[in-house]
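In the two assemblies presented below, chain A is common to both, partnered first by chain B and then by chain C.
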Partner chain A sequence: MYDLEFLSPVSSGPLSTPDGGLSLEDASASTKVLVRAARNTAAGAHLKVTYGRSRHRRDGTLICGSRPGEWTLLADPGRGAELVASLPDEGFVSVVDITHGRAMFRLSGADSIGVLAKVCNIDLADDMTPDGAVFSGSVAKVTCDLVRDDRDAGRSYLISCERSFGGYLFAAMADACAEFGINVPAGLSVH
Partner chain B sequence: MSIHRLPIRSGELIDRSTNLSFTWNGRTFSGHEGDTIASALAAAGVEVFSRGMKYHRRRGILTANHWDPNLAVQVGDEPNVRAGSRRLVDGMEVTAQNVWPSLRWDLGTANRLVGRFLSAGFYYKTFMRPQFLWHNLYQRVLRKFAPGGRVHWKTGVHGEYDKRYAHPDVLVAGGGPAGMAAALSAAEAGASVMLVEQEPELGGHLRWGGPGDLAVLADLSRAVHSNPGIEVLCDSIVTGRYDHNWVAVVQRSHPVAPERLIKARVGSLIVAPGLVERPYVFAGNDLPGVMLAGAVRRLVNLWAVKPGSRAVVLSANSEGDAAVADLESAGVEVVAVLDARAGEDVVGARGRGRVSSVQTGDGRTLRADLLVTATGWTAPTSLLNMAGDRPLYDRTAARYFPQSLPDNVLATGGIAGDGSTTELTAHGRETGSLAAQRALRLRHARRTQTPRSLPPESDPPDEIADNRIPLRRSPHPERYRSTTHGLVDFSEDVSSKDLIQAAGEGFDSIELMKRYTTVTMGPGQGKLETVNAAAVLAESRAVEMADIGTTVWRPPFSPVSLGALAGRIFEPVRRSALQGWHEANGATNLLAGQWVRPDHYGSPMTEASNVRENVGIIDVTPLGKLDLRGPDVANLLDLVYVNRWQKLEVGRVRYGAMVAEDGVVSDDGVTGRLADNHYLMTTTSSGAGAVWEMLEDWLQTYRPDWEVHVTPVTGGLTSINVAGPRSRELLGRLVEDLDLSADAFPYFSVRKGIVSGVEDCIIWRIGFTGELSYEVHVPSGHALHVWESLLANGSDLGVAPFGVEAQRVLRLEKGHYIVGQDTDGLSKAPTAGLGGLVKLDKADTIGLPELRAAFERTDLPVLVGLQPDEPTVVPDEACQIVAAEGNEILGRVTSSRMSPTLKRSICLAQVDPSLAPAGTSVTIQLVDGRRVSATVQEHHAHVDPEGVRQRV
Partner chain C sequence: MIVVPCPNCGPRNSSDLRNAGEVVPRPDPQTASLHEWRSYLYLRENPAGWVTETWYCRSGCRRYFTIERNTATNEIRDPGNS
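On to the complex of A and B.
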């Protein structure tokens, strides 16, 4: 296979406020593997994460309990085959590499909760949605999976959606960020 | 200019160091930071701000706050601005509304000449005959008199409206002393609090009080603003309370949007709006110069405006008494104070343009330019009504009080009773604590039940009883109407005489009266009018007020701009990984559902012909794609498709159609078997989501024992159809280790392979265009590479992209139907020609009983191929097929195009079964009314009905 560049649905580079306090960046190239398994399977036991929560593995993989009996594994680009192979396949288990099927962004900074409050109706207070929380909801009218994955003791969210919505959703998120000081590039408009 | 501006007042809101310039009806005025539009104009001596809706009488300041019905003005492009509360901004262009040609000389005053025809319910009685005048005259004239400002929707410039979501534990509606105290105690109890105040600053009635009130206000306001647990939203209003404490707030005080709609899911709602002072009904009560006591106090104390020179005060309460003191301190000569508690009364006010004399109940005529009334309050219980409460009238206190509220809605402040500032704040604090405790218990339960949250470290807060000491109900005389008639509803120009007339005509229930007369239906939504209307009705029926009941207050609490309701509009669009290429290469786009797609690249006919002659490629990514895995997939397919699936071999593809429980065709597509327990299903583009949900629904409810995992992969696999007689040759140049020959890769087969170096591609050989074709599903991150490789490697083969329109032409030539276009919400399987596909002897299939019944029927429409006898005539889609003689409808054209291959028009049509035999001549009624004949064809396919071209 040729060394092909992954073409993201997002054409914009990272956006941030001048002080870097709030940032929005594309993470669509990240490896994303969907695992569906009954709780009593080896794969389910192997992942060790309950629905609604996530944990970082030592190898850098973020394991997210997306839905009951369903996990999403997030990792650096190019690790799809490795992650698929790493999962025990006894019992009824489905492992699908969805890297190409999901757009993903990282929204970071103290104001990220304010940004999301403009486009998402989930209660993001620390006690309801603490670091490590995994949840689904409508973001700017697009069904999304979200993970609160704090970075450097700062609030941070991973937001993923069906790939074809990616360009629109990034623009909608950037638009929501404008109130908090992010300069939205010309051409990145939802209106 | 500020001829009525007083010396500095201790509680004034204006910043005299500022000077804001604005225009009023074209004249330039000035005011200060902190002024309202109305206060700045009043300070400059303006007395008339609007005209009445029906009779166009002059109107001046009545309440001097948000609810003033006489202070609706146009500011620039924004209509219906509340000049009583909207703060002045430098450069504002303010004009009067609903007057022509000017506020001073308004031709609408001519309505007074026909005033006797404009009484209660006049619109139910007039404009009936002659009927033809309704459109030609009545409607046009009435539109001229429609109240309100103007929206210049074509040229208007405004900011973008916004919205946000919030989840405070406690939301306090009202920032008076009780509301502020409630917010503080709730926050101190650990609750997150949102405090919403409709005025630009907190304080409620404390703002225009004496030094003691101002000191309390300063302390409370400082504590509230410094508490990090309280979000304060001033110049904002709670407009509605809905199920499960979903509360709508319109925020006007936001820097980035003119208005922002906040959708708040609230643990506890505290309703603390205070009280609204109500007008007194008497002859001339709408003359400029007749003001409520609260208005006078606000003008004097908040904006240092002298409201008149010689005043008569009718007082039934302490607010009226305080107004007397304020007037005297402002240098207004108080000519007389009439004590309504002692039975003194006002029967009329007279004057031209403004009050010049007042007639008292004891027969005196007093010369005065200001008449102040203080006759009681209305409890604005709207938010409580929305929570299910039906407030009860208390004749001792002469107002309504809450009756029963759900646990998550609490009332405090004036709406709940009377008291000193200390008593009101004490009640507020108790209410805040109780609300917080209830909200925190709810939050604790939610955390326990929500998988994403961490389990609470402690037990839930103890449940505490509602031991609040109720606020007292101070006695107040029932003073609603004098011995004369006057206006009850200042917004709608409804008088007490109108109400009595309506009751006499039989509209004697408060709800009927409201609708018949429109009383309480103006912008104030009854805040000033409801109690007086009920009182007049009670009087006319000679019953107690308590027996009248109330109208039901529904959202919104206060009028909401359409912009705020619309908020920030999100319209998601979907783009394939190739859409950028399409647009960069001249594609004309088409919006198909949420998908942006290339309709064509210049000439659909040329594109279609190229597919027939050479090879074309089309982006069909929107095709729904579902990855199915598990040992029971074949069972699932057998259930949801009308045909059989148990014997589909690995490497083969099969067409399937789905019907709903009622036997109506719901979707179709092909499904390929990639491995023993691994399938890929395609659906229609528009049906992808619904089919996925349907599969999950059946798996989770009907057959949870089946082991099947369904994963939508529509966007992850970019789908490229390579179609045309040279498609095999083109694709053969790019695949690795894959034999594309007809023997090795026959029609309706699927293979996995490498295309142009991209692994994990899925290729199936099918043909929607009727040509030899391959559908290549490529991991989307590498799709552009494959697309460009196809073009680069096929230039000698004549490869060119084709768009959706060319594909539609090609599929129509081939006679492939499209679910939803050639079928409709009533089309059952026999109509779509699925007789050969449906297996009625299967054990189970969704809709099987209906399918069996449908195939026994002989009256269902039939889908047929149709060709107009005149080959240049292309009937529009949806043209009706009618009887040759007469107008009986016998079918309709479902698809039609000019065929570039046949050089003639072709159609698919649904027809009555009597017309279905090949060779039948039918009549099509065209859009322009002409009728043309057409002939039913033997096949759906107009080109290559035997399928020779696609099976090579």
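On to the complex of A and C.
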């Protein structure tokens, strides 16, 4: 499956405000690997982060503690086989490449908190969801996994959902961005 | 809005969760009679007052947990502290 071409559910290119202060881009092609492991396994010890937190591994992989006893590994496209092979598999461990089953977007910029607050009921304040926080909740009525993964330029969120909701969710996010100055292309309207 | 305290995710709007109903002890499948299965599957007390119930954190940690809830006031308490 690793030579399978990735088909994104999103047809739009990156959207941003003229000053670049707010941007929304499709990151669905990113490698996504789901790991479930009992706490006392080598895989659990290797991944290290607890539920609700994330860390960047030296090879660029973002390791997210997405549920109790469950992790999601996010990386550049095309790294599925490598990530699956990188995990110790002794004990009660399951590792599944879910790249083709999930859509993912990156929402960045100082106004990203304002955009997300319109469509998500999670407390986005720094003391509740600081950089590195991993959380799940409803975004525009779609159950999503979110990671706050700030970039040099500032606040940034990775938002992922089941692939079949991806087209709608990107359009809904773009719509939420409109009042902050993003020009929503024709054909991407949710109304 | 009912705020339900998930042991993993903290307080959440009940719309993020699913009420899985009153906690009912499961009968032994080897020995249960049809009457016991019917009670287990369908018959509930549904009191106007305190009930021990299971909730599923569907938008958060995807785990089931048990709370006590007063169905008349929506006051919620931990079953361990009642």
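FYI, the second predicted complex is superposed on the first by the 185 of 191 C-alpha atoms of A that agree within 3 Å, B and C clash if a C-alpha of one lies under 4 Å from a C-alpha of the other, contacts with A are read in each partner's own complex, and residues count from 1 in each chain.
Heads up, the rule we're going with is that contacts are C-beta pairs under 8 Å (C-beta built on N, C-alpha and C of every residue); 3 or more make two chains touch, one makes a residue touch a chain.
Small disclaimer: the values here were computed from a predicted structure and weren't measured.
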**OP:** Give one of first, second, both or neither to describe whether A:Y51 is in contact with chain B, with chain C, with both, or with none.
**Re:** both
Original post:
Thinking of the overlay built on chain A, is A:D127 touched by chain B (first), by chain C (second), by both, or by neither?
Top reply: first
Original post:
Does chain A have more residues touched by chain B or by chain C?
Top reply: B
**OP:** Considering only the touch criterion stated at the top, classify A:A110 as touching first (chain B), second (chain C), both, or neither.
**Re:** neither
**OP:** Kindly classify A:A140 by the partners it touches after superposition: chain B alone (first), chain C alone (second), both, or neither?
**Re:** first
Original post:
Which chain A residues are contacted by chain C in one complex and by chain B in the other?
Top reply: 51, 121, 135
**OP:** Report the residues of chain A in contact with chain B in the complex, numbered from low to high.
**Re:** 1-2, 4, 6-9, 11, 29, 34, 36, 50-53, 65, 92, 94, 96, 98-102, 114, 117-125, 127-130, 133-135, 140-142, 162-165, 167-169, 172, 175, 178-179, 190-191
Subject >> In the complex, chain C residues that touch chain A >> reply: 8-9, 12-13, 15-16, 58-63
Original post:
What part of chain B is in contact with chain A in the complex they form?
Top reply: 160, 162-167, 192, 256, 263, 265, 443, 446-447, 450-454, 456, 568-577, 580, 595, 621, 627, 629-631, 707, 709, 711-717, 754, 757-759, 779-785
Subject >> In the complex with chain C, residue positions of chain A that touch it >> reply: 51, 67-68, 121, 135-138, 143
